[in-house]
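These are the structures in question, set out in turn.
One chain, chain A, links the two complexes that follow: it is found with chain B in the first and with chain C in the second.
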Partner chain A sequence: MLRDLIEVLISGITNGSVYAIMAAGMTLVYGVTRVFNFAYGSFFTLGGYFAWLFFGLKFNYLLVFVSIIPIMFLVGLSAETFIIRPLRARKDWEILSVMVTLGLALFLDNLYLVIFGPFVKSIPSLFEGYVKIQGFVISIHDIAIVTIAISIMVILMLFLSRSRQGLAMRAVAQDMTGAEIVGIPKDRVFAYTFALSAILVGAGSMLLAPKYFVSPAGGFDILVKSWVITVFGGVGSIRGSLFAAFILGIVEAIVGFTFGLTWTLIAWFVVLLFTLIVRPQGLFGTEA
Partner chain B sequence: MLRVEKLDTFYEEFQVLRKVSISINEQELVVLFGPNGHGKSTLLKTICGLLTPVSGSIKYNDVEITKLTTKNIVEMGITYVAEERNLFPQLTVLENLKLGAYNVNARQKEEENLAYVFELFPKLKDRTKQSASTLSGGEARMLAMGRGLMSNAEFLAIDEPSLGLAPNLRIEVLNQISEINQRGVSILLVEQSSPKALDIADRIYLMEEGEIAFQGNKEEALNGNYFKEAFLGM
Partner chain C sequence: MKMRKEFIILLIISFFLGIAPIFFHGNLYIMNILTICMIWAVVAASWDLIMGFAGIFSFGQVAFFVSGAYGSVILALNFGLSPWFGILAGGAIASVIGILVCIPCLRLKGAYIALATFAIHMVLEPLIKSKLGIALGTGGALGLLGIPSLKIGGYVFSNMEPVPSFYAAMGIFLVSLLIIYKIIFSGWGLAFIALRDSEVFAKSLGVNDYKYKLLVFGVSAFLTGSVGAFYAHYVQVLSSRMLSFDLFLTLMVMLVLGGIGRFPGAVIGALIATFFIEILRPLETYRGLVFGGTVVLLVIFMPQGIMGILFQDRGLGLVKRIGRFARQKINWASSILLIFLRG
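Moving on, here comes the complex of A and B:
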């Protein structure tokens, strides 16, 4: 019983570490650009499909990772520049951007269906094999996932707190007029934030795909989970996303183990509801 | 140095500025008085690129800046210090100041300007690691001014820096602004009516209902009854 629980915890922590990256991307975008990107899940899937394509071309893991980054960067940058920026001039841009990103999500998800077909694609694991610790079996790939994911989070947090561009992003999130006053190019910051979030979600996709496969419908799950983590952790707070992601990853694993996998999505919605009722600003919410 | 001609700015359908023309010469400290809600902030915001005028022109050193973005205007040497301050609440005092030096011209001078800001506002130096949201009203105004100075501006547009401050602090702020001006920075200052503000000014404008109702220097202001009665309550 204890053994099962520990293995469930390990699974929860592994997923949680990747959820953290993706939630961080979402909280950044919402905090900085004030746009809710409905196509976030579709970007996730796009990352997965590109990874599958590159593995098909016999790229090794490192090369795939390195190739995905500029591609996702361009995807995020283009989406913001060509689809969202033109809307900002209008009074109703908030509603419009929701509709437009939703439309983009539907378009992309169906595009994947047309191009790649309905069957899931798989990606090879980074490492095969297991280690045995105190009688517990842990896959090396899971250890790699947690290590890589946490490293990415650390790099992200250092970027936001130490670099000029990171500081500029936080400034735009906290006071847009103030950011304009000091001469920060708002539009460029919006675009780069979107691009950064696309990279983060693409990296997440690469880390999770070996275990959970790539499919046209997978994006929706990720969108919901990222959003719940963002709200639970506090919109605009990266630290919040970190805590919330691990907590929710573990909760999801426990619920899945205890009640069955079909109940996990409901668990997410329950947490969302609970947060909105009891503490709407989330764990660490203040920044945005 | 700065020449504004016949500026019309609207807020939605409402016309706030009506054919406003003012000018500020190099190293001048020009004060803009006027009742609240009559367009003073709008004028400053239009000059600094936060608002776009419908017609008219703004020239800085003979270069047309009317349609430029705030980023470009800041790079040209004009910085706005807002009445609402617009500080970054969750960032520290030091981070706010560093962001003041975001534009390319300010980056090399960052250390030098930081030293000057701390010299002018020692209270900020004590609070570098405090987050901006925890500052008192007076300290927040100092930070807003300090952040403006970090931009290495040659021209500062300052909007009601003494608003909400106790009388002794108000005098101190205006003295500091005068000192900044002595150092060579041209200033367009929007202020509440006060003898002190009148005292530090080289020239004065009075704005009512979106139009310039009076312009002149101290002597003309004090000698003309209109200004004295309507505004200084003398």
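Moving on, here comes the complex of A and C:
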């Protein structure tokens, strides 16, 4: 019993750490640009397909990781520049940006279906093999996932608190008008934020793809999960999404183990709804 | 009595829909599309009531539709309830769900509401397929077949009887749209718009936001649920496939195409989008691609929708421009005519 519990906890923490990166990307975009990006899941799948293509070219893991970053950067940048920016001048741009990203998600998911076909693609694991600690079998891949994910989170937090671009993002998130007054180029910050979130989700995709494969419609699940984590942790709060990701990752593992995988999302929504009734702004959110 | 332009547009649409069976009564395919058009028009218009007029990001509309459909069908199959009452019962079930969803949303905003309402959509499918759902009579993953159709006297309103069911659908279409029209141009509608445009200011003037939010969810879910029940009895098969993302997006396209928050816009959007999708059907795999691309282009290049192009808020809409052009030409022609008559 205790043994099962620990194994479930380990798998919850592994998934939770990856969810944390992806939710951080989503919450960043919403916090800074006030756009709810429904194409986020499709960016996730895109990262997975690029990784699959590069592995097909016999790239090694590090090389794939390095070459994914500029690609996702460009994807995020162009999504903001060509699709979101033209709408921003309008009064009802919030609802329009929701619609346009939903349309983009549908477009991209069907594009993958047309290009890559309906079958799942698999990506090799980062490391093969297992370690045994006190009789528990833990795959090295899982340990690598947690390590990489946590280091990405640390880099992200350092970026946001130390670098000029990161500070500009936080300034825009806090007060858009104020940031403009002191001369922060708002449009460029928006575009970079989108690019950063695309990189984060691409990295998450690289980490999760060896476990869950890449399929054209697979991004939808990730979209809903990041969305729940973001709202649960408090929209716009990176720290909130970090805690929320681990809590919900563990909830997922426990519910999946005891009731079956179909119930995990329902359990998440139940947890979420009760949290929102008590705290409408989420765990760490500042505004409802 | 001066008729509003919205009412006139509705009259024109209903007139052309009403005479359509004269030309197409032999064509089962087109009659079926026309009937489905009107069903989606009601769903889109009631969604617009929440999203466009009350300004609440509700993503639960498809869930209301499906729960109304399942509610009515389960009552009809297991308890022998007449489908006519089933339509009301489906609406009532959906509106109870709508109000229940709205309660946690009262204190939420924006993306939070979108997620809380979308949660209902996401939860519904596993629930329908689960053991609990099967115990309630949802038929699980297989769905339900042999649903009784609406009957009155000698008429059967099923998809094999195109003309009577077309007019039955039209009856529901007209009643629902009149209700929505009445709401929009009443104190309720004014309160919705006030809350949408400036919630704090509206509240400070004494608009009870909880009451109006619950009302808009209740009414919108009722209309959607009853149309859902009608749909189920018309098509006679029901499965949880309707909860897939396609329908959700299609409805959204209808809203954007017609114009969000511009009342008969959703109806026009529904009519055009349904036909557009039928035209795209031969494309098969590429359909979603074309559809998604169309949405993106529509939002970027035509954000105010068809209604926005026809009647712009600021400046002149197409209708006024054509009107001015026609008046100029008529003046010009009549002055020439006068010269001729005098000369």
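The rule is simple: the second predicted complex is superposed on the first by the 286 of 288 C-alpha atoms of A that agree within 3 Å, B and C clash if a C-alpha of one lies under 4 Å from a C-alpha of the other, contacts with A are read in each partner's own complex, and residues count from 1 in each chain.
Here is the rule we go by: a contact is a pair of C-beta atoms (placed from the backbone, for glycine too) under 8 Å apart; a residue touches a chain by one contact, two chains touch by 3 or more.
None of the values given here were measured: they were computed from a predicted structure.
Chemist: Should A:Trp227 be classified as contacting the first partner (chain B), the second (chain C), both, or neither?
Modeler: second
Chemist: Return first, second, both or neither, reflecting whether A:Leu265 touches chain B, chain C, both chains, or no partner chain.
Modeler: Touch partner of A:Leu265: chain C, not chain B.
Chemist: When the two structures are overlaid on chain A, which partner does A:Ile250 contact: first (chain B), second (chain C), both, or neither?
Modeler: neither
Chemist: Let me test your reading of the model: by the given contact rule, A:Ala171 touches which partner, first (chain B), second (chain C), both or neither?
Modeler: A:Ala171 contacts chain B only, not chain C.
Chemist: Could you tell me if A:Glu180 is touching chain B, chain C, both of them or neither one (first, second, both, neither)?
Modeler: first
Chemist: Who wins on chain A residues touched, chain B or chain C?
Modeler: After superposing on chain A, more of chain A is contacted by C.
Chemist: In the superposed view, which residues of chain A touch chain B and also chain C?
Modeler: 287
Chemist: Which residues of chain B touch chain A in their complex?
Modeler: Interface residues on chain B, with respect to chain A: 48-50, 69-71, 74-75, 79-80, 82, 84-91, 95, 98-100, 102-103, 147, 151.
Chemist: Which residues of chain A touch chain B in the complex?
Modeler: Interface residues on chain A, with respect to chain B: 164, 167-168, 170-171, 174-175, 177-185, 286-287.
Chemist: So in the complex, the part of chain C that touches chain A is made up of which residues?
Modeler: The contact residues of chain C facing chain A are 51, 57, 104, 107-112, 114-116, 118-119, 122-123, 126-127, 129-130, 245, 249, 252-253, 255-256, 260-261, 285-289, 291-296, 298-300, 303.
Chemist: Taking the complex as given, what residues does chain A use to touch chain C?
Modeler: Touch residues, chain A against chain C: 30, 36, 83, 86-87, 90, 92, 94-96, 98-100, 102-111, 113-114, 220, 224, 227-228, 230-231, 235, 262-263, 265-266, 269, 272-273, 276-277, 280, 282, 287-288.
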